[in-house]
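Okay, got some structures for you below.
Common to both upcoming complexes is subunit A, partnered first by subunit B, then by subunit C.
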Partner chain A sequence: MKNFKIDHRTNNGFEVLDLHGELDAHTASELEDAIKNLISHKKSNIIVNFRRLEYIASAGLGVFMAYIEDVRSIGGDIKLTNMNDKVFNVFDLLGFPTLYDILDDEESAISKFLKEMS
Partner chain B sequence: MNSPSKNSLQTSFELKTVLETSRMLVESRDPEFIINSLLLIIMGRLLVPKAALFFFDPAEGRYCLKKSKGFDGLNENQLYDIITDVDQQNDSYFTVDSAHPDFPQIVLEPNNSIFVNLRTSNNHHGFLLLAPKATKTPYRKDELEFVEALCIISTSALVNSQLFNELKNTYRNLDRRIHELNTLFDLSKEFNFLVDREKIARIFKFALLGQLFIRTFFLIYKTADSHTLLASSGLTGKPSDKQIKRIFDAIENEVVIPDSNLIEKHPWISKNKIAAFISVSIQNEKVAVIGVGERANKIPFGENDYNFLKSLSNLAVISIQKTYFLDDRIDKERMEEELSIAKSIQEGLLPDPLPRIEGIDLAARTISSREVGGDYFDIAKTPDGNTIFSIADVTGKGVPAALLMANLQSMLHVLLPVDITLAEATERINSIIFKNTPSDKFITFFWAKYVSTHKLLRYVNAGHNPPLLLRDQNDEFELLSQGGLLLGAMESIMPYVETDIQLNPNDILVCHTDGVEEAMDEETDEEYGVERLKLCIMKNRHKTSQEILEAIVEDVRHYSGNKLGDDLTLLILKASDSF
Partner chain C sequence: MEKAATYTKKIQASTENLAEVREFVSKHATDHGFSKQNITDIRLAVDEACTNIIKHAYKYDKSKVVSIELEFEDDQLIVLLKDNGVGFNPDSYEKPNLPEQIKKKKRGGMGVHLMKNLMDKVIYKNIDGKNILYMCKNRDQSF
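On to the complex of A and B.
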């Protein structure tokens, strides 16, 4: 399951990226392309679902750092959900919970989005 | 009143409290909770309205107030003097009236208020301050024992929780270091396979953004002729080329944390909130400058972060340099391939094999000091059945000279069938070259038409080294120098002059270029010169043209220690015996 893959779908009008496999230095640019593509279509309420992601390297985290300001400046956010412990530990270790909403599941992310919009 | 039964009942109750509390405290890892519980249990059990807890600060020799309940005039986290004598650190407790005189006067009955020692079996950790009980009765012995027991248990729990938290922190830091090492390891593997420098720079960027938790980043790489912003993130607008160079030049050390001086000179730094610069040098030459913004959670960078930044930057920059070297090598290989093609094209411009001319023994050869050169010779038939011999030397060497040489060759062949005199043709070639080439490019040019019916050689010399004519039975050389100015120097003002000479059997004509006369003896710093050339021709005059040519080449090579600095061309005509 080393192969990295991104699926794109919507859930209640929110953009969802499902990450599969291992997100490392080699595959980070695929995530970058996916996020850039959403931003260019002015789709800025983004949920990234990590349920099927097994490993993340620093370069993968860097992609989120590079685009979070762009997304927030057009009124959106990137919310992260369904991380396994190993993946969450990396995010936690590097300080990400202070800047990103990391939630248990998509429903929590959606209700957080809705609360912020109201 | 103090019946034994009530006493034992109370003792057993207190014992139970101590036991339950100890279990609760020992299991807790939260120092706040432990301190709070200790104060509340004692205050509640003994009806103490005011209590406070101090930690000993060994570095200061004073006591830090951690928690106070009910006291006015005590500030948490402030340092206080409590003891007058270090022996007091060994007492189970002492009354406030024997405390340090500087300790605030916060209790009404100092002789009825106590400091209880917070200690483990071998260390003193602080004091618990208790005001007089609400009942105003003095502390009883069994109450003090109860307090003492609770204090010992709580202190152990506190020390444990501190150790536990330190250990947790150590583990977390270790985890971070391991993660940094993994990042370095992953990237070094990844960079090894990459030849695309943009991609290396992008991966480097993402790894730094993620690992350091930053949003702003840039990488300037210096090549031989420019400073390039290879990657960036979070910058407020793209910096100009001039700004890029200025920033690159301003960073002189391996790690630079911008100070007010630097920021004043480069407002760009504060505008982009750059928190640190790293410069990477390879073999003492600064090749890259990396800038990073502050951490998103504002935690300042530490030694470990700078070390990581340096290591990863070095790794990325070396990999990027490798891609430039690879480009250079590919360019060089392509250039060599092109030159070798150019060489074969140029060789194709020279007559091969040499045409046979009735009555003339002919030899010619050109040796280039590089792949391609600016020397030229030609032998071609004219429509009237005669033969043209030519030799030329373009200024400079290499590709530019070769291009001009090719140009001359094509002009010559275009003009061959045209019914004009040699002098007129020379004039046309001159004006075309003058118009089409830079003013520092010339051609020295000699050509001659051999009219076989009359054994006549009609020549024009446009600034070329005069060919040497050695007549049979004669030891003096005639120089064929008549003609006009070299080609391409100026517009034709004076017409070129044609001169006719009669050829007789065994007359030898040696045409040559600079490379022959200017071949250098490196030891004496002396040129081969025309006299040595003449001597060599004289010595070999009875041989064939080809043999004379080889003798000259051999002599020149020997003279220069086999180092020909310039292109060298020889064209030799010898009128046949049977002429």
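On to the complex of A and C.
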């Protein structure tokens, strides 16, 4: 059953990954490939939009844990936006909000990136 | 008073089947009148527990079987997960240290932390070489 999809686009020069569906131990490898692909092309200002993500298990969070240092070490960041309450709760239970930027929307993420660059 | 009911599902040990497990849990918990929040918690805890069995107990060997049993009682749901793989005791896991793990690019341990947070009881037992994970969720009174 195909229950997860990622779309890649850009918004004002920032890389945006739109997540759809359910992210679990089976589908996490797709997210991993998408992030690895961006890093290999030296694209390090990444926004992950969770608006259409309905479900996340810890394997999904593991992907962000595994690559955030790589992205930050080349001067970028992964900012997370538009989470529903259920998805945010999982990030919150695992203590992510103090270590990752979790923002309401893409515009806030872009403003934060621009502020950090200036 | 609701009559106690039991449902069992067996899956091959592959992460492909996790969505089906979540569906199984959601359906029966919904039918038994559990709150949306309860169902969200139970579904994630069972997903994490099955993932750990597939990954650690069976090392992704698809020929192995994971058994998931749901026992509905008046005020609680008991979930029993059984496997014949390498023993996996959640009590041996400490709360993950996120900053440390990020620095070392290390994942893992998070599933157990979630299971313990989302369920009211998580107990592991090994009986005659069989791993049994017992998880209990009390029914939400405020819905």
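Throughout what follows, the second predicted complex is superposed on the first by the 116 of 118 C-alpha atoms of A that agree within 3 Å, B and C clash if a C-alpha of one lies under 4 Å from a C-alpha of the other, contacts with A are read in each partner's own complex, and residues count from 1 in each chain.
Here is the rule we use: a contact is a pair of C-beta atoms (placed from the backbone, for glycine too) under 8 Å apart; a residue touches a chain by one contact, two chains touch by 3 or more.
Owing to the predicted nature of the structure, the values given are computational and were not obtained by experimental measurement.
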| request: Using the touch definition from the top, say if A:E22 reaches subunit B (first), subunit C (second), both or neither. | output: second
| request: Tell me which partner A:N3 touches in the superposition: subunit B (first), subunit C (second), both or neither. | output: second
| task | State whether A:L114 touches subunit B only (first), subunit C only (second), both chains, or neither. | result | neither
| said: With both complexes overlaid on chain A, does A:I74 touch subunit B (first), subunit C (second), both or neither? | reply: neither
| request: Answer with first, second, both or neither: which of subunit B and subunit C does A:L94 touch in the superposed model? | output: both
| message | Applying the document's definition of touch, where does A:G60 land relative to subunit B and subunit C: first, second, both, or neither? | response | first
| said: With the touch criterion stated at the top, can you tell me which subunit A residues are shared between the subunit B interface and the subunit C interface? | reply: 24-26, 57-59, 61-62, 65-66, 68-69, 90, 93-96, 99
| field | List of subunit A residues in touch with subunit B within their complex | value | 24-26, 28-29, 32, 57-66, 68-69, 89-90, 93-96, 98-99
| Complex interface listing, subunit B residues touching subunit A | 172, 175-176, 179, 182-183, 186-187, 190, 199, 202-203, 205-211, 213-215, 233-234, 295-297, 299
| task | Would you tell me which residues of subunit C are touching subunit A in their complex? | result | 14-16, 18-20, 22, 40, 44, 47-48, 51, 54-55, 96, 98-99, 101-103, 105-108, 110-111, 113-114, 117-118
| If you look only at subunit A, which of its residues touch subunit C in the complex? | 1, 3, 22, 24-26, 55, 57-59, 61-62, 65-70, 86, 90, 93-96, 99
